[in-house]
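Heads up, the next two complexes both have chain A, just with different partners, chain B and then chain C.
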Partner chain A sequence: MLVIDGKKVPFVEGKTILEIARENNIHIPTLCAHERLPSFGACRLCMIKVHGVPGFMNACTTPAKDGMVITTNNLEIKKLRRAIFELILSEHPSSCMICAQAEHCDKFNSGIMKAGVITGCNTCPNKDMCEVRAIAEELNFKTIRFPIFYKELPIERNDPFFDRDYNLCIHCGRCVRVCQQVEGAHILVFTKRGHDTKIGTSFEKPHIETDCKFCGQCIDVCPTGALSARGQKWYQEPDDRVRTTCMLCNKGCRFEMDVKWGRIVAVRPDPDYKTLKTGICVKGRFCLPTFFNAVDRIRFPRFLQNFKLYPTNWDEIGSHVAELLEAYPPSKIALYLTNFLTDESDYVFRKFAEMMEITNIYTTVEDLTQIPKKGIKVLWTTEGLPGLKNFKTLEHLIFQEVFPSEGYELADVVLPAAAFTEQFGTYYTQRGPMPIQKVVKAPDLALEDWKIVCKIAQELDLSGLNYLDVDEIEQEMGRVNYKQKVRPVDEYYLKYRGTPIAEKVPDFKILLEYRKNRAKPW
Partner chain B sequence: MYEIVEKREEVPNIHRLIIREPNVAKKAKPGQFVILMPDEKGERVPMSIVETKKDTFTIFMLELGITTGKIANMHPGEKLYAVAGPLGQPAEIEYYGNVLLGGGCYGIGAIYPLAKALKAKGNRIVTIIEARSKYLIYLEEKLRIVSDEFYIATSDGSRGTNGHVQTVLDRLIKNGHRFDHAKFIGCTYMMMNCSNITAPYRIPTRVALNTIMLDGSGMCGCCRVSVGGKTKFACVDGPEFDGHQVDWAELMKRKAAYQEAEMISYQTSPHICRALIENYFGESDE
Partner chain C sequence: MTDFDTLVQKAKRSWDKLHAQKTPVIYAGAASCGRAAGVLPVIEAIKELKATLPLEIVEVGCIGPCYLEPIIAVQKKGHPTIFYGNVQAIQAAEIVENYLVKNDPQPDKAIGALSSPNGSETTIPSIWDHPMLKAQKRIVLKNCGLIDPQNIEHYLANDGYQALNKVLQMKPETVIQEITDSGLRGRGGAGFPTGLKWKFTRAEKDPEKYVICNADEGDPGAFMNRSLIEGDPHAVLEGLLIAGYAISAVKGYIYCRAEYPLAIQRFRKALKDMRKFGLLGENILGSDFSFEIELKEGAGAFVCGEETALIASIMGERGMPRQKPPYPSQHGVWGKPTVINNVETLGTVPAIIRNGSKWYARFGTEKSKGTKTFSLVGKIRRSGLIEVPLGTTLRTVIYDIGGGIYEDKEFKAIQVGGPSGGTIPAAFMDEPLDYENLNKLGAIMGSGGIVVIDSDTCVVDLARYFLQFTENESCGKCVPCRIGTKQLLNLLTKIVKGEGTIDDFELLEELAHTISEGSLCGLGKTAPNPVITTLTYFRDEYVAHIVDKRCPAKVCKDLFVYVVDAETCIGCEICRKRCPVGAVSGEKKQPHSIDITKCIKCDVCFTNCPAKAIRKVDKVDVIHVSH
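So, the complex of A and B:
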């Protein structure tokens, strides 16, 4: 039994005073403590008084002992805590926190205010999540007695994906701990000593020169705006947060996406997903929003007429494709199914092929060698493919993709597909079948792959391919006992469907190019 | 032409640029501005002209988003893609008597040519500048020379008065200072607050608005503002307007029109990595 602020709480062996206090809803302000990280005792805000012990102790680093009597918030502690926090504030650009106009200014300047260098909260991308601000509010800070000190450190922008402004850093050491103890990467360390102490890499090398994996976990745990993802800031409060599974490879990582203006604006690892010990990879963490928000997504169905691809609607393109497929015997038609189809889309495609008696179903580039052998005339591909122009027998190419990737120029029908963040479904991964959630709406007329098949099946008067939603497909898959396999897409696969990720994400291109001589780029 | 002769980050986030463009240098009058484009695809950003020399002019640029970031990343000797100017109406410079000048942010630089011109007309100049903190104050010496009275306000109290231009202004008026004319340049919020202070005392107040602009010649209408219930174009009718008649709420709303595009452009703009590209892959292709 412990007594904290006069409240009797159960003693748990091996836990710190802070942990026990939090379990019992006793609030102690902290900046450096983080539930995923080992105790550190850097910020000293959690100072408490243990009766019978001289001086004050850190709640976050002091192991609880049975019978302890603890005070967390008397006048003396309050005074001490305020002074400690005031020292932190005097070295952090905090003018907006103590500004007399703050409330009115926030109301008037409710939009997003950007800045190259952050010198106050109202241009800080971290404002809405800032833990320093929360403490300032809690302690009701209005003035700083100490001299204000700005470190004048240069902003570090010489790495892909993130900006670092250590002028905002409060030396809580969370990034160092997450890098060392969670990710096991040991890239970030405290460099220099004393008043010059700073976070950085060994010898202050850019991260790209180190073994940094660009997992972005340092950004996720930073309580200030010192670390920020370059393409994932300045959106203030997101409209929505949706969790889904990554389909860029078969690992099955879960992540949480921030949505604003109907677009993905930020990605971070799913905070609740227990099997995810380390961070997500650079592709998921940093490339995804840029990739799917790229301006050249395929948005409308198109068909070739007078050497030009004309945009049209689904009704017209549906009958166009139906006519095209009916004009050829099934033995002259081939389907290419990409590894990036959801299980449901894959199933619907295969069922469609079975009903149409199409037996030429290709899933790898090697399978394409059968095109000349079998004299295939119509290829319906769900992925941009290399070298299609070498197959002289091909008369028609139906191109169902997210981007106009390889082979697009040969297409005479273009079908806009939704990306995996724009649909519901399941994806069979190394972790088993994982749910895919719709995060945002697909652009313009783009549709889920299975819906496209259903549209065309309708025009062909095929019954049994008229699903309302993925649940209906899933139920049918269960009834017919359809088994899905793990797709052969490994962690370092650099494409989504037929599009190299680096082609749409300039920073990723830099990373790959710079590290091209390494066995693994991250 | 359009060569950046000198570039220095005066204080964090505020860059002083000297640009070679004889036509602007020859014709610019106090209160006028230029529109800059760093590259062919860049947006157009209006900047107040602060000083002119024989064939060069000086601006103080606040680094905000992608485009100003591009300019901030340029080196002396490099050339801007385009410079249009001088644009807008020159500021009203006459003999008024006691003139109050308020500047914040980039406006600390932008009020300097006004102070100089008004001083030359024989006015008595009282200058108040504001910054978030002491390390963000620049151009102090030059402003002191042209001002009869000079005050500093910081929102964290690290220098001068703890507060803003309006705090000092309010105190001065209450202590019996009389002003015959006032001009404010800075963020929209600051200009609004200051105009609200001078209104009850009927001090004629002029503010230089910083709207979104495209061509700067009155064609596109991007920069429209409501002044006294009438639609005006900040580029050709302004940038100086009567601070007591500006519809501030509408102005703020219009300035936020492209927030989404501004944020998304961060996802696709490789230029910020320019230092990296140059370090490791030789000259960037920009």
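So, the complex of A and C:
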């Protein structure tokens, strides 16, 4: 049993005072402490007094002992805490925090300034999420009695994906700890000493020159705007946060995605899942939002008429495809199933093929060599494929994709597919079957792959292929004992369906080109 | 007879042979201090004599009186061994020849004599009656300056490794009890009882334990540890072995700062010899005790003297302290229970074991037992390394040992304990030097650096100097230390520039409180001590700077101007010619004058004036007159 601020709380062996206080809803302000990281004791805001111990102790590192009587917030502690925080503010661009007009500014000037230099909260991308600002408000700061030091460090923008403005850094060491002790990468370190101490890479190299994996965990833990993802930093508080599984490879990493204005704006590891320990890769962390938000997504079904792909609606394209398929014997029709289909879509496709008696189901580029041998005339592909124009037997190409990737120019039917972030489902990964959540709505008329199949099946009057939702498919998959396998897509696979990720994400292209001589680019 | 006895007998034989040999021996104090004072050219000069005069040169450590460096001692068979001080290369050969060939002991140049083995008489007083050495009690420095630190036999011949040999027959618990009974406290500064530290570490369940010798002496003006290592490295290593045995450690580390290349060299040689003599490695002296020692060089961070930072540094991490608890005794190097002791603490251990805890506890005061080395520097006549019983008064140290203030100026204060310590005014001259008393006065024992300050030192400027040091050496981890010392330094800089305001007093005090209460490690907690103590004892000087805009010591350059006293000036033109900016004007044999708008306060005129006609006058007075 412990007594914290007069409240009796249970003692737990091996926990710090801060942990016990938080478990019992006793608030102690902190900046350097983070639930994912080992305690550090640098910000000194969690100073408390333990009865019978001279001086102050910091709650975040002090192991709790049974019978301790702790005061977290008397006048003396408040005074010390304020004095320490005042020192932090004296070198963190804090003009907006202590500005007498701050309220008006927030009210009338809340637009985000894309300023190059951050001079205060109103030009800071982290304004709404800033922990320093939150504590300034908590402690009700109005003035700083010391001269303000602006560190005058150059803003570091010479790396792909993230910007670093160490002028905002409060040296809480979270990024260093996450890099060293969680990610095990040891890229971020403390450098220099005394007041010149800063955080950076050894020898001040750009991150791209180091072994940095661009996992972005440093950005996630940064309490200030010092570290920010370049493409993601101006969105402020998201409208929604949704967790899903990554389908860019077969590892099955869990994500938490920030949604703003109907778009994915940021990705980070699912805080409740073990991906947190291993981190997520640069593709998922940084490329994904830019990739799926790219302007040239396929948005409408189209069919070729007068040498042009005309947009149309699903009803029209459905009957168009149905007519096309009915015009050929099944032996002349082939399906190409991409590795990036959800298990449900894959199942529906295969069931469709079975009902249509289509036996030519391809899953690899090598399978395409069958086309001339078997005289395939209609190819329905779910992925952009290379070298299709060499297959002279092909008369029709049904192109179901997210992007107009390779082969698009040969298509006479285009079916807009939803990306994996735009649908529900399951994906069989190295971790087993993982749930896929719908994070955002698919653009315009794009649909889940299985729904597209259902639309066409409906036109073909095939029964047993009109599902309401993925649950229904899943139940059926269970009944028929359909087993999915892990797809042969590893972490370093650089495409999603038929589109190279680097094509849509310039920073990723820079990374790949810069590190082209390395065995692994990250 | 055991192997160890054979070793000792052999060592004693060669030691006695060295002292009884016909060939004269020159002992040259060749520790870093002697080298800085120029002993190496002296040795070269003496070596040249070898062609005509058979002699042997032995490089020894430092005996203590730095102000007499370079020091050599000349041993001549049948005559007393005589110490000569301030020996310069040009006169070295002459001094040696005069004694050895012409039989002239040159009492005017001698600083003292060691009674020769056959007890021959001399007019030269014993070196131990030298005023600087007489009031000392040399326990840990016993061998310094007398033995060749590179020769393990010299150490063995002077009771060396006797304590280790004794300890190996004792139970570890008994060893710890002996150290506890002696009252030995950590000589690194904090004064934690050494026996207790060993006991706590031994009590930890983890069988993998370590001992660390902290040789990262970093206080400006402190060199006790360096001198001890350079003069008698085996004493420290013997202490380290004993500590290792007492807590059943598997390995010892020496963390020595890289700025001490000679000390590192001495350690390396000593470790090599120890291994050769079976004092290191498997089954030391035939016992079950096996022990390894690894030498780790620090890379020049002051904060690495802090134990947790030091441990981090040993493990290859950035030297950043972490919050205690857990203490190193529970969670030290590689996460294992670790004892970390200062060089001097370990150097004292063999003497305690050899002579018994009762013997050691006789020295010192009730709570601070034994002796402590101090480096006595600053504005003092006899500067150097001393060892006195704890509780010795400041007066004894400054006047009896140190010979009073340099050039008989007014004794103003001492700064003890380096940048973590405090400034103690002359008024407390009769206070005993011990842990409790120094803490009471606002300073700390620290590793034992005493900087003597006379009336020419401005305490505000001094506090600023020390703060600049800590601000620079902060590891940058915690807020109060990283930003607080910067702001405190900023305030002091403002004050010495004459830009202070009366509100700054409150801010200074509050900031000092924030830093000392809020900081993570000892560096930060003690960083404001120079400010706190000077504010307490020399508040009038702060008032003079802040309110009157005067620097009473005339040190703060923004607060005074140079003027020529027309009556004293002899018109020699030296100042006019030497002034780098042409601020001085005046005709030959006519009083000169200084244009204060041009003057850059380089002090050249002031230091070179043969008539002492240049005066430092408070700027406020001059401005007042000109109005």
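General remarks:
Convention: the second predicted complex is superposed on the first by the 517 of 522 C-alpha atoms of A that agree within 3 Å, B and C clash if a C-alpha of one lies under 4 Å from a C-alpha of the other, contacts with A are read in each partner's own complex, and residues count from 1 in each chain.
By our rule, contacts are C-beta pairs under 8 Å (C-beta built on N, C-alpha and C of every residue); 3 or more make two chains touch, one makes a residue touch a chain.
All figures in this text were calculated on a predicted structure; none of them were measured in a lab.
Contact with neither chain B nor chain C is seen for A:Leu153 once the two complexes are overlaid on the shared chain. When both complexes are overlaid on chain A, the residue A:Tyr235 reaches chain B alone and has no touch with chain C.
By the touch criterion defined above, A:Met47 lies against chain C but remains apart from chain B after alignment on the C-alpha atoms of chain A.
Shared-chain residue A:Trp261: touches chain B; no touch with chain C. Of the two partner chains, chain B is the only one that A:Val117 touches; chain C does not reach it. Of the two partner chains placed by the overlay, only chain C lies in contact with A:Gly55; chain B stays clear of it.
In the superposition on chain A, A:Ala83 contacts chain C only, with no contact to chain B. After superposition on the shared chain, chain A has more residues touched by B, the comparison being chain B against chain C.
Applying the stated contact rule after C-alpha superposition, one finds that A:Val189 touches chain C and leaves chain B untouched. Within chain A, the residues touched by chain B in the first complex and by chain C in the second are 147. Those residues of chain C lying in contact with chain A across their complex are 301, 303, 318, 320, 322-323, 325-326, 471-480, 482-487, 490, 507, 510-511, 513-514, 517-520. Across the complex, chain A is touched by residues 12-13, 62-65, 68-69, 72, 132-136, 154-158, 162-164, 167, 189, 192-193, 252, 255-256, 259-260, 262-264, 266-270, 272-273, 275-277, 279-281 of chain B. Interface of chain A with chain B (complex): residues 93-96, 98-101, 105, 108-109, 111-112, 114-117, 119-120, 143-144, 147-148, 150, 152, 157-160, 163, 167, 206, 208, 230-235, 260-261, 263, 265, 289-290, 293-295, 506-507, 510, 513-514.
Every residue of chain A that touches chain C in the complex is listed here, in rising order: 39-44, 47, 55-56, 58, 61-63, 80, 83-84, 87-88, 90-91, 145-147, 149, 170-171, 173, 189-190, 192-198.
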